[in-house]
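Inspection log for the structure reproduced underneath, given as structure tokens.
We call the chains A, B, C, D and E, going by the order they appear; numbering starts again at 1 in every chain.
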């Protein structure tokens, strides 16, 4: 039980870290894809979507290669930290981030595309620069899709297994997340412990969903044209 | 069972044997006209599917004691003996291996060592046994990287993310970018991929026929041997 | 001062106008689809023209040739969009304060809450735009634009769905804002009363081309004469408030004095009066015993006619234009240099604050 | 006929009105935020009231008590929403045809393409609403509602951002549609000219309450007298077109005849004339040599005053209401039963098709 | 190579089947979640989101248990087909559908929520019933989010591995999909073949993405307020 808690803590740490990466990155990419025209747009689209098209295990092997001594991430981290990131929790977070990025980008993209550009124009006209306009108009108006994207990304990161176990291994106390612990328990025939951990996953998911729904209620647009006086 | 074709046995086999077993099945079909189907996966996962969830299966082709333990009484030995593909463990490293020459040397290496997870992969169990009998387990415990299976351990070394690894000889031989620094001959249970039929399986007989065939066919044995396995037998 | 030379190409429509807006209030009118909103949007920077050049107070904000295109937020223009474009996620207060917050404290000239108060929005400050009536939304849009204390105000049919009482008070407020802070305004409207009461200049657009640019009265006359869609000509004159008594207020216009309905104004205040050309009756002789409070003697200075409408210009000290019928013209024997009397009711005269 | 007893509760606003709309054209007016759109939306079924009952032609479409609430698509009501509510993903043609496609072929009374033609939308058929000007969008909304050949038409400030010429022609078209297919209409507007020219009844809403329901002229008078926001009272009278000559057309009203501007109408056509109470001059004696084409002798039948405005009712065969000032009243010695002369210009008279 | 093609064909069949299930089901659930108030709404939300919170392997075991002889799906199918669905391609499709449903529902939900209810009201007023209104107004206006959801779901189904291999196994020619074939090749040490199949996955993903982008361009709202004349 005690170790369960530390496993959950590590899983949360990894998922939060992954979300902290995918949130700004996904927003940037989604914004580029939705609002900008540039060469290589489709390539960018493909690159961020790839992890969805590939089985996570393959993503894991590709990532393992990238963080390895021949990969560019590996060489960078070797010169900074003196070792590769593989088999550390950072590698797990990286894997989780990469795997959840496509979900985040798609959600954000659809959300941004739904924002009426006339309102952005109006904000510009009222003196707001493009960054402020994005933060005060675009983002709040895309709120629903944004938090849906964050939910998807976070929960996907929490449940990530295939890529994580390849690039981060399954080292109890260091890289063993809830999913790899579940898999370990199943394999060891300790079904009860496995289901207990699965239940923990479910609880985490439910909490995330509850927070999501609560945030949705606080949405700047919630109720608009909907809740009021039984409009149908 | 879920087997569409009657009389075609479904055999749950370790994914690492996928190529050799597929070839053996081709030979089987060519010479007898009979077919056999495989479901490939991790030995332990497959054993769990059979033991816990009643998967529709006629035979197994696994490695290690754990799957056997999981299956327990379900397995029946093929009457005229059992075919075993024997493998051994090796210590691998990238080209410049440093000064590790034996398993014992790992103790002082102070480097990452990738092994299969003893719970998830039979190869990890064998490696743990070997390390324990070499009395280095406790010393290197914190340097060990547990991977999901033997291929992941191999890949960890290939990509430079782990300095050493302990894998099957067959896997090491198949890789261009690692070299074997030490062969481990003893200190762990024999690594034997064993084919058996399952008690009360619908096509147990057909499965038995297949096992009988491959234990006799010279062609099949050539396939196994050229893949690096030693073919061995043991009595009932 | 805004000078523009704007070309905007669209399938089936070409806006191609050269002109300038002064520092007063300029009305822009013209039929639906003429390009009024498009022109305003080009000036505000919300649409990029296909070509040309726009200068605001000497600064080039757009130039095709020099590849200049200053972003909208740097133009210091307040815009009341035709469709409101309120921010649906912000309540009324935050909508109004949006631009106001972005200007330095010492440049804030109009207080959002006072604006809201004036526009009757105080009780709606916590509502979202979606929970407002059409006219309420329009008023929020006006408040939002005014609160930024802009250097230039663009108003695209800002009062289209407001009742007459509110229209009048907002028009007056706009005029006060204009004179107090000397904010030039460009005002799109289909209402002649509005245009006449607020604007010092007027521009007529049709099919993307500029068809006229003049004082509102002159332009309206031109349009009326051209058989356009302007129903009637208004005489617009500058005056000074005189005495008020007995439910009547006198207004001095140059050398003459006229009676108007009672005005809540102090003696000496500058005003503009408006009197429809079709509300004046001509008499050949001094009439007596009439209810009409204004009977002015003058001389016919000009007579012209168009499509059955006859106009005479009568000089009574000031020049008034009178619409009459051909039969009346003949019957009364009205001709240039004849003496005539102008008769109109005090209630026919509209009095506005001077701009 | 629509009878309604609608209660709609909102934070800070309560709509609570009981009344009925006849089969003519009923104008609904009142200040911004009075609840006009809300009432229309309740009738159309886009908002569910908090309580009450609504019947359309005898069918209960909503009843709190009986838990009836017929869905909007079954009410056969065409609505022109204040904000247009055009479908942004459909081009103009598909917008207009949306409802039309849903009615059985034999019930299609107005052809979408003819509607588009009439409303000047033919060249815009392939455009999306986002590519239209404000007035163009409004016209599409009108066409879309008309195309469904509804049993009842609700128009929420449908002409707010249209130029005068277009307004006039659309008003006439609506009147024609009304008389040809006898579609009852409820028409929200802030424009007195519009209301007077189109509506047979009028309803005044204020703060969610019904303040008046009468003939437009009477209601406007009431509002004017109550010091409301109505600027001036209009005399509305039924007439028959007489001869046209010399840029003038005579209209017979009961026993009298008046001159109006030239009308493109045939002799014998039924019309409605409108004449502002403040456009009529009273004279105590027969005036001579005036440009005004209409001089009618009559008897004062009533005099009343309110806030400095004095009204007299003069019977010249028909009854006219005249606004004058107190000083004129006293000076001319006007009192009930006195004989007076009404003077007004032919150009002061507006002539509309009879409904 | 030849067998690669049949593996791809099977994978496509499974993913298409899964999409055929998740499209209507996801739409229904999203619509319920976004537009309706009812008891058990949160439970429904949790149930469809669960597969995202759980490692696919766990989903696989849960599903295997359900389609097994003791589960209700298993008993139903046993009485209909005479056998359980476990280790058939239908089980694989089921697994893929379940795992991709949360993505589909989130995307659809955000898309539906973005549709202005006033337009639906206007359509009702013009005589369209609720179904027609949904099909002609709501759906086209939610188009962007809907096809994003379909893309996410389809691609996720294509790359599904963890749950599939548990419930459908990895039987060449019958249930072996591209991801499980990749796993098999990796396990057998045939790295080249594994990468070749991964490349196939990538190509499939790119094709799906290209179709998605093409559909997006044909979107009923494409260009609105955006492409026209350099509005910014």
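One rule holds for everything that comes next: contacts are C-beta pairs under 8 Å (C-beta built on N, C-alpha and C of every residue); 3 or more make two chains touch, one makes a residue touch a chain.
All values reported here derive from a predicted model rather than from experimental measurement.
For the pair chain A and chain B, chains touching both partners: E.
Least step count on the touch graph, chain B to chain D: 2. Most remote chain with respect to chain C, judged by CA-atom centres, is B.
Between chain A and chain D, the centres computed from C-alpha atoms are 59 Å apart.
Measuring from the averaged C-alpha position of chain A to that of chain C gives a distance of 56 Å.
Under the contact definition stated at the top, the residues of chain E that touch 2 or more other chains are 61, 118, 121, 124, 183, 186, 225, 231-232.
Within chain C, residues 10, 46, 71-72, 83, 131 each touch two or more of the remaining chains. Residue positions of chain B touching 2 or more other chains, listed in rising order: 42, 45.
Within the complex, the chain E residues that touch chain D are 118-119, 121-130, 132-133, 136-137, 140-141, 143, 220-221, 224-225, 228.
Taken in their complex, chain A has these residues touching chain E: 42, 45-46, 49-50, 52-58, 61, 102-103, 106-107, 109-111, 113-114, 116-118, 121, 124, 144-145, 148, 151-152, 155-156, 158-162, 178-179, 182-183, 186, 194, 198, 201-202, 204-206, 208-210, 213, 225-226, 231-232.
Against chain B, in their complex, chain E makes its touches with residues 61, 64-65, 68-70, 83-88, 165-166, 169-175, 180, 183-190.
Residues of chain D that touch chain C in their complex: 10, 12, 29-33, 36-38, 82-83, 120, 123-124, 131, 133-136, 138-139, 156-157, 160-167, 190, 192, 228-232, 246-248, 259, 261-262, 278-279, 281-285, 287-293, 308-309, 322-329, 332, 334, 343, 345-348. Put simply, chain D touches chain E in their complex at residues 44-46, 71-73, 75-79, 81, 83, 85, 87-90, 98-99, 102-103, 128, 130-131, 144-145, 148.
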